[in-house]
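These notes open a run of structures that come right after.
Shared between the two complexes below is subunit A, which pairs with subunit B and subunit C, respectively.
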Partner chain A sequence: MMRHRNLLITVLLLWSLAPLLWQVYTSFSTHEALLQPLGEHNHRWTLDNYRQVLTANPPFWRYLFNSVIVGIGSTGLTLLLAIPAAYSLSKVSQNVARTAKFLLFGAALFPYVLLFLALLELARSLNLGNNLLALSFPYAALSMPLAVLLLLSAFRDLPSELEEAARLEGLGLWQRLRWILIPLIGPATASTAILVFLFSWNEYPIAMTWISRADLLTLPVAIARIAGSSVYSIPYGAYAAATVLGALPLLLLVLIFQRQIVSGLTQGAIKG
Partner chain B sequence: MIQLLLFPATLLIALIFGLPLVRYTWLSFHADSVLTGLVAIPNHGANWLRLLHDERFWQDTYQTARFATVSVSLELLLAIAIALLLDQRWRGRGVVRAISLLPWALPTTVMALGWRWIFNTPYGPIEQFAELIGLQPLNILSNPNITWIATVFGDVWKTTPFAALILLAGLQTIPNDLYEAFYLEGGHPRAALFQITLPLLQPYLLLSLLFRLAQAFGVFDLIQVMTGGGPAGSTESLALYAYLNAMRFLDFGYSATVMISGFLLLVIACLLIWLIIQQARHWREAVK
Partner chain C sequence: MNLVLQNIGRRFGSNWIVRHLDLEVSEGECLALLGPSGCGKSTTLRLIAGLDQPNEGSIYIAGKDVTRVSPVDRRIGMVFQSYALFPHLTVFANLALGLQVRGIGASDRKQRVASVLALMQLEDLADRHPAELSGGQRQRVALARALLRDPLVYLLDEPMSNLDAQLREDLRPQLRHLILKGSQPVIYVTHDQHEAMAMAHRIAVMRDGKIEQIGTPQELYHNPSSLFVASFIGRPQINLLPAESGIIKAIRPEHLQLSSEGIPCRLIYREWLGTSQLLMIESNRGPLRMLCASEIKIPETIRLKWSPEKEHQFDASTGERC
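Our next item is the complex of A and B:
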């Protein structure tokens, strides 16, 4: 049984990591080594691919920076709207809350890529194109269903006596939220925040259609542009370096916030 | 007063989700393309008539359905196995769980580019290996009969962790006493899987099935970057076709028609699944 399990664990790790490790291997290989992997080479390993990606115009870190801006903007806006909405839903009648949950669940299921054309028209008519922070609006809306469902279940789990006592002490709605309720739903807020951040970091179709200026591209779009740039002779070494650099921040995020991600996904799915 | 707090979130959701649906419905009854100078002119259902006779649309519908069915089925099977493995207690479980989450957390476009290299002919590792054991070149990304399988592979790799996590959460709700009682009565572990675990996991299976099916049906990023819909349009999904209609052919009226029908097809598919599951439950009750 034990050996059986270790084998399965090894398979799972290989399955998850092998494609990534292949990118790492490629990113450090010279062009010749990639074309003739089994041949003898004087120059087997190189840092040129990274040099190329980091000194391109605009340099690669610029896309990471753009993605961070979009991620922070979207996460902030989502929480700003979702916390009051979830609180409000935790106070309304059962029937209203059930209907709202059903609608939110439906919206969470919606394949949002189908929205891109109308959203592009919206961006054009409101002059929101090529503006990183403007992306926060669609991203916050698309994250809203999951965010509200998660936060709603957190508010529901708080004992109602707590807020009652605060009210009797004479605390107004804003004070109760600010000093009592929001600190108590901290863990759920953290889970929500990290999931929204991941979504906006990875989002592609909307970012691709809203942003056209090369120095404002987010990471997924920049990577896809590289892929579309030429069909025949693709410098895979440089691409692999780009994918490794693009994957590193997420590797860190997942390792640090593993617990929040897991509880966010599972809570949102189960209680929502 | 408290209800007012709902207003901003509702407004934003209505604007981003509601407005496009209304707009597409309206656009789908209008000609709005380069030919009309990008001005919307009513065309009395011509878009819908064109859709009915559009072979590419039906081919893409078939391809999208095939992609979604195969990749979601594989994902759920793998996810059950992974969830069962991660549900047991062993050292280093947390680290393995974090690592298995990685594929899900990476941007789709990043690994779509990665897959293009891995499946590359003749320099990718798969082809190299095939050559090493004396096979003919597989031409994975240029043979219309097999390229879609490579895209399924990419999708399964990326989204299985999500399904596995939901199922893992489901497994953790099953009380241990059930298993203990079952084993006390001399039950076999494999029998426990079919008589306790899977039946109690049903709601979670359904949940991840619905979520994954909707996402797979709207597949776009992976296909656009990995194959661009090729070779010979064999991997083109409905979302990609709608995108091409709008951004390449500049035919917004028809693009909106494709998107609305994609949405309707998905709703029908979800309803069908729902009905089948209800019916299956019904039969099982009847058998008992």
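Our next item is the complex of A and C:
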């Protein structure tokens, strides 16, 4: 039994990690080694790909920084709006909440790419182009449905007696949120924040169309713009190096908040 | 200080949870709201606390109409069934939070919490979180929070139901000492008739959102006003004889006596309870429960009788006493 489980875990790990390992392998390989993986090479391993990415102008760190700014902006804005929305929805009558949930599910499932031309028009008429923080608006709006749904179930799972006890103790609405409810939904908030951050980190079409100045690009767009030595060669190694560098901050974030995320995602599975 | 409920009604849609409820609890009195689950006792408690609004009627605390007053201004000391301690705060912070919000200075706050912790013998646990406490300790913290509220009314919602039997017995004197010695009215919600009889001066038996009967434990036991109260109060349960010409006769198990002139019966089995024994008996009037001293030897075939003045009579159709 135990051996079967270990085997299964190994297979699953290989299955999910293989693309990542391949990416790392590619990022350290010379162009020749990539084209002829089985051939004999004098120079199989190289740091050139990283050198190319990091010494480009503007430097890679600039894009990383841009993406962090946009990510923090969107995550902050989303939570700022989603927490009060979720709290209110946890208080309204069952019928209203059910309708709202249905609509939110619809919005969460809607393919947002269909919106991006309309969003581009909006950006043009409101003069939001080439503004990093302005990207947070569509990102927060697109993340809202999922964030509200996740936080709503977290609020629902809190025993109502806790808030009632706080009311009897004299805590007003804001104090109850600040001292009791928001701390208690911490795990759900952490996992929601990560999901929003991830979406903003990976988002491509809106970032591509809203930002045109080279020093304001976010990571995905910047990576796509890495140029090869000629039009006919694709710089696989440089792409891979940029992708690995771009994934590092997220990896760090997930490592730090690992426990909160896991407990947040499984919250509601078991009523405590 | 007293608590008065006048013609209280609360409905959800067209369904009345409680209706036409009148209640008066005087200074220092403990009143138990007793009834099966869904009878409206918890709703009544929430209405008094202000956590829910009645659709009709008025509530007075210490002579003041508080029907539209917010929960905090009613000054309620409440112990919830789940204790509702804030899980992310230490015992000290749990107790201090309310004082802080109500504008009590840091040093005063610290002193008041410390004295309540000492009173409840919780000093060593001040830095623990609720998850690190036993059930009895949590209950004491919840009580301490209610005491610190300096309330006009105490509301206890099944405060013992999460504790084991031994602990309940140990905590009852403490609860009585801490709360019932005060001048505040106390409402004690429970579905356990034994606990209601042990703790309360008076018991209000509730059924389907109405008070079926209100009185001292003795009154309810000896003079139940309905079949429902008669069978709800007293364990082992009262014996109900089959209806005869629209009348149901009821007789308590301890009032059955062995007698050669009685009705013929057969002993099915006995439960030995220490000082007494409970006998399950089959008779021509249906099954009977009899409680008697454990020394008495009971043969398999016996004759039982009871004196007519120990008999309760109820109308078979309405369940009311007649």
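We adopt the following convention: the second predicted complex is superposed on the first by the 223 of 272 C-alpha atoms of A that agree within 3 Å, B and C clash if a C-alpha of one lies under 4 Å from a C-alpha of the other, contacts with A are read in each partner's own complex, and residues count from 1 in each chain.
FYI, contacts are C-beta pairs under 8 Å (C-beta built on N, C-alpha and C of every residue); 3 or more make two chains touch, one makes a residue touch a chain.
Quantities reported herein were computed from a predicted structural model and do not represent experimental measurements.
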Touched partner set for A:Leu168, first subunit B, second subunit C, both or neither: second
Which of subunit B and subunit C A:Pro159 touches, first, second, both or neither: second
Residue contacts on subunit A - larger count, subunit B or subunit C: B
Contacts of A:Val254 with subunit B and subunit C, given as first, second, both or neither: first
Which of subunit B and subunit C A:Ile185 touches, first, second, both or neither: neither
Contacts of A:Ala193 with subunit B and subunit C, given as first, second, both or neither: neither
Complex contacts: residues of subunit B adjacent to subunit A: 1-6, 8-10, 12-13, 15-17, 19-20, 23-24, 81-82, 85, 88, 90, 94, 96-103, 105-118, 120, 123, 125, 128, 157, 161-162, 165-166, 168-170, 173, 204, 207-208, 210-211, 214-215, 217-218, 220-221, 224-225, 228, 239, 242-243, 246-247, 252, 255-256, 259, 262-263, 266, 270
Subunit C contact footprint on subunit A (complex, rising order): 159, 161-162, 164-171, 175, 179-180, 183-184
Of subunit C, residues touching subunit A in the complex: 49, 51, 71-72, 76, 78, 80-82, 84-88, 97-98, 101-102, 145, 149
Footprint of subunit B on subunit A - complex, ascending: 5, 8-9, 12-13, 15-17, 19-20, 22-23, 26, 34-35, 37-38, 81-82, 84-85, 87-89, 91-92, 107-122, 137-138, 140-142, 144-145, 148, 173, 198, 201-202, 204-205, 209, 219-221, 223-224, 226-228, 234, 236, 239-240, 242-243, 246-247, 250-251, 253-255, 258, 261-262, 265-266, 269-270
